[in-house]
Amino acid sequence: MTGQNKKIIAFCCAESAYRAADRAGRLGIHYPDNVRVIRVPCAGRVSVLHILKAFEKGAAGVLVMGCQEGACRHLTGNIRAKERAKYAEDLLKEVGINGQRVKVVNFGPDMAQKFAREIEEMVEKIKEE
Amino acid sequence: MPVKIGLFLCDCGGSLRNIDFPKIRENLAKLEDIAFVKISHNLCLEEGEKAIASRILGENVIRVVIAACSPELCEDKFMRLLEGLGLNPNLLSIANIREQCSWAHERDVTKKALELIRMAVNKARLLQAVERGEVPVNKEVLVVGGGFSGVKSALELSQLGIRTTIVERESALGGKLRELGGFYGVETSPKEMLGSMIKAIEEDKNIEVLTSAEVARVQGGAGDFTVRIRKGGKESSRSFGAIIFATGYRTEILPQDFEVEPGGNIISQQKLVQMLQAPKKSERRPETIGFALDFSDENCRLPTLSTLNNALLVKEKLGSEVYVFCKNLKVDSEGAEKLYQEARDRGVVFLKFEKPPQIYGENGQVKVEAKDVLLGEEVTLLCDLLVAEEKTLPSEGTESLSSMLNLEIDSRGFYQAENIHLYPVASERKGIYFVGNCRGDLDLARASTDVSSAVMNIYEFLSPEGAIVEVEKVKADPQKCRACLTCIRICPHKAIQLVRVDSEKWVAKIYDLACDRCGICAAICPAKAIKFEGYSDEQILAEVEAIGEGL
Amino acid sequence: MAKPFRETLKTKDFIVTAEAGPGKGSNTEKLTEHIELLKDKVDGLNVTDNQSAVMRYPSLGTCLLIKEHGGEPILQITCRDRNRLAIQADLLFAYSRGINNVLCLTGDAIDTGDHKEAKPVFDLDSVQLIHLVHTLNSGKDMVGNELDGGVDFCIGASATPSADPIEPQLMKFQKKLDAGVDFIQTQAVYDMDELKRFMENFHKMDHIEGVKILAGIVPIWGAKMASYMNESVPGIYVPQYLIDEIDQAPKGTKAAKGIEMAGRLVRQVKEEGICDGVHVMAIGREERVPAILEAAGI
Amino acid sequence: MVIAERKPLGEIRNMLAGYKRILVVGCGTCVTICWAGGEKEVGILSSQLRLASSKDGNELSIIEAVVERQCEKEMVEELRDKVQEVDAILSMGCGVGVQTIADIFEEKPIFPALNTTFIGMPEAEGLWTEKCGACGDCLLYWTGGICPVVRCAKGLLNGPCGGTRKGGKCEIDPEKDCAWVLIYRRLERQGRLDLMRKYYEPKNYRAVKRPGKVQAMQA
């Protein structure tokens, strides 16, 4: 089931990554269209269960996009996201899925280029297998 | 009766050409809980809003999905629109089919748009209403620290009709006001300013002053702090709606910067002021006085100010030679530039150096050697007195107070503002504010602006509208909560407390006023007891579910 | 036949004991060689009991071997591998075969050995073991039953002079003295000042009449070996200056240097009268013990 | 509080080999508090199992449930309907929960998803350490409230052993404080060092006849 329809789910923090995605659209910066953005109030809202369920429902890759470290309005949101992604990676490795398919990325609200690049990178990664 | 969902699609004036709207309508109209699918060109304009209103009122729709531009732009407007129609604003789900779909890709993205809308529809099915309500808020404010900032805060709050209590550790109010020599360029001297302030405090029935008193413990959250105050060996507990920290700063001479032991003819600014104000007959009038500045510490706004003030005071009272050794004089404080000019006019000599000068004691005088950058040569000066450079540090107790209240402190030990640019006076805990020098070295003018912005914040916070919140938007279910304390320990805003439910079981309670809606607790709760309405696990997973469905 | 160790303790002014470490297997050839080599040169020959929790030929078996060769064995018993029933039975058997010196030890933890998944016993600890031997000596077993045929053991224990912090160790040492011991064989000592301080403390303790202290000497044969011991052999702290000294010795002369250094320690203990004797633990290099004693002028 | 830790997925999948319909049961008490077997961990393990089985191409249907307290018969009884629909039960409770379920639903095979490790307390966020070994004869009164039976690697009553490392660390682990050095320091601070000087008889290791039983008087 996984990897078959090659969807990527990006949990985007409303304060930074989501705005970066909007900005990419506004600036006409294009990126692969198999990403589905889910808006969350903070990267710290994304739990390990969400990441695993995303894979279970057919996602080929999951990105958790939060603010720059130190710039999180909730102080520890992005750091928690990083720890949880590490836990999710171990859980996926146990299942036999390449841990690289989960990635935490730090954004400023204006990093439109970076948003597009991260999507392309993940699309490349899921093509390899 | 299945949930009735009204679905509005906006083609942004027909500009979203790579989305086939009729195809989407035909696909989604089939779903039985979709009441209607309305395509329009300009939902953001007056006309579009009327269209939404008429369709919603026409059919008994209880959930609304709008596929349009980014929620960052249109969410608030549509929520207010729904509220106007008597529909709870949280029953709205938005699909971003413009910035993150049509504009983000060239080729036809009807399939992606459909999937984004299905995601929004799946989420909409599970949305629950969240009522707004007023949280009872204690209208009294606690001011910790009775220096300039503390007293000024109390006075300004009182003018807005807010009762305050000042807790001052020393036996009298005033703090640094009692030590400073003068605010040159400001007519009233610190003494007179303090005097008038204290008179105003005494006459003001809105302000209660507790001197030689300390904060022992603080519990509760924004709008409802329970504070135990220790005075004269006894502890009493009071409750307050907000707390202002105005605990100020302390200065310290850094002995290791000098080969010579401080004391004797190396003195502090404060000692110089005492000598000038009450010169003892016995002391010989010092011929030359030197000031040492910013050897080791760049942030030295206050030392620069007190150096300039005291240099002019010396010129006025003693007329002795005055030298100022500095690396680069920071004159960004209010009126500091003018002060510097006046000092130059009065004959104060400023010596600029790269490396810190060498300082030796020599038969009762202080010898200072430094390479003057402007002259480009080694300069040696003998002074009768050297006023040493002082480092500004947070006042004692900042460390323990901050850990008691779980507040962040910055690398130099001062209180850490939540966001140094946008909310410099707010802490990351709602209802707790920092003013004046307890958050970094600020001059008088900056301290006053701190006070007024904190007072404005508090006024708004304690006003009736300020206490309106979305009630229980993030809620811990008492049945499922195991009181494992995980959420309480990790909440960055300290918005969760343990409370007794019907007087026997301990559960976690999230204080709506203090909660900043980040959801970190909901993600970490091992019992999945915390529901974040609008971003609950079920709602997020419903969006994920839509991704599998495809066309 | 060698003199009983209890007599030697009373009469001899500088007592020397050594340690025979059995191998892993039933072949006792090498062991016998060591016994033959050492039995006449030392006043007592200790036998380790699964040293460092590594399974080996049993301590009791080796003691019998020593008896057969006319040596004076000192049975070491640890509380790690046997519960109170097994220990009492072993002691009865040992005494019945003429082994009447016992060194009561707590024993190294299972984790330091090669059977890391074994169930540790530690039904008793070293102090309780000393009390147990006294109970048996008085003709009764641990729960008060009369013994048909008693025992009379000469009892020894160990101590750690260079422990850090030292106070808890001294309290434990006092408990052992209170329980009553005839001799003490300390853990490896390298720093003579530390040993002297330990002895000063010892003289201030009570129940020390007639108790002989033998300083533990563990020769080092190389820097790597010494730091390994520091890291993973319990109770051993080789100071850096000694590690550097052995390190500087050119390749090939490490053995001689080790012997010389050990000999120097033994001589210092003897000449300065710090302790009543030494206990040389050559851990796998028993053949070098005679050379060490020679180097020390014994 | 009982502390437990989840078994590796591989070990769990080996147990479940051949079973098509599984009931994964969490427990809402101790193992929720120590993040091992609460509702969230039930979701995570179930998701892992579905992912793994779909990856290997064999179908597996999982029902998720959480019992308030798995060591109470009445609470476990509520699973009866769900148990009918499955071939095997995977319990995420502690060893007691697994066995309570096993006793009630004897016809269905029951598998533990956790390793019950010890009775302990939270040391830091996400970190629990052992404090009590349930030996049935508590001696904390003379050790200044530090249990040597559990926190000393050899469980000595007349400690410390000769193997303590520099700085009062334990023989088996340089990071771990020697329990007896901790006891010494605390008793010293309280001025009760005579408690440590006293000789203590060998412990009665059968204070509780195993498996233990406690019969309270009728309240």
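As written, the chains take the letters A, B, C and D, and residue 1 is the first residue of each chain.
We take it that contacts are C-beta pairs under 8 Å (C-beta built on N, C-alpha and C of every residue); 3 or more make two chains touch, one makes a residue touch a chain.
Just so it is clear, the structure is predicted and the values come from calculations on it, not from any experiment.
Within the contact network of the assembly, the step distance from chain A to chain C comes to 2. Central chain assignment: D. Criterion: smallest distance from chain C-alpha mean to the mean of all protein C-alpha atoms.
Between the interfaces A-D and B-D, more contacting C-beta pairs are found at A-D. Note: centroid distance chain A to chain D, computed from Cα atoms, is 35 Å. Chain centres here are Cα averages; for chain B and chain D they lie 44 Å apart. Work out the mean CA point of chain B and of chain C, and you get 68 Å between them. Centre-to-centre separation between chain A and chain B, using Cα means, comes to 30 Å.
Among all residues of chain D, those that touch two or more other chains are 40, 43. Within chain B, contacts with two or more other chains are made by residues 490.
Contact annotation for chain pairs lists A-B, A-D, B-D, C-D, with touch applied as defined. Contact residues of chain D toward chain A in the complex are 8-10, 40, 43-44, 47-48, 50-52, 54-55. Partner chain B is touched in their complex by these residues of chain A: 5, 7, 9, 14, 18-19, 21-26, 28-33, 36-42, 44-47, 49-50, 53-54, 57-59, 73-77, 80, 84.
Those residues of chain B lying in contact with chain D across their complex are 480, 482, 484-486, 489-490, 525-528.
The touching residues of chain D, when paired with chain B in their complex, are 28-29, 32-33, 35, 38-41, 43, 122, 125. Those residues of chain A whose C-beta lies close enough to touch chain D in the complex are 1-2, 47-49, 52-53, 55-56, 91-92, 94-97.
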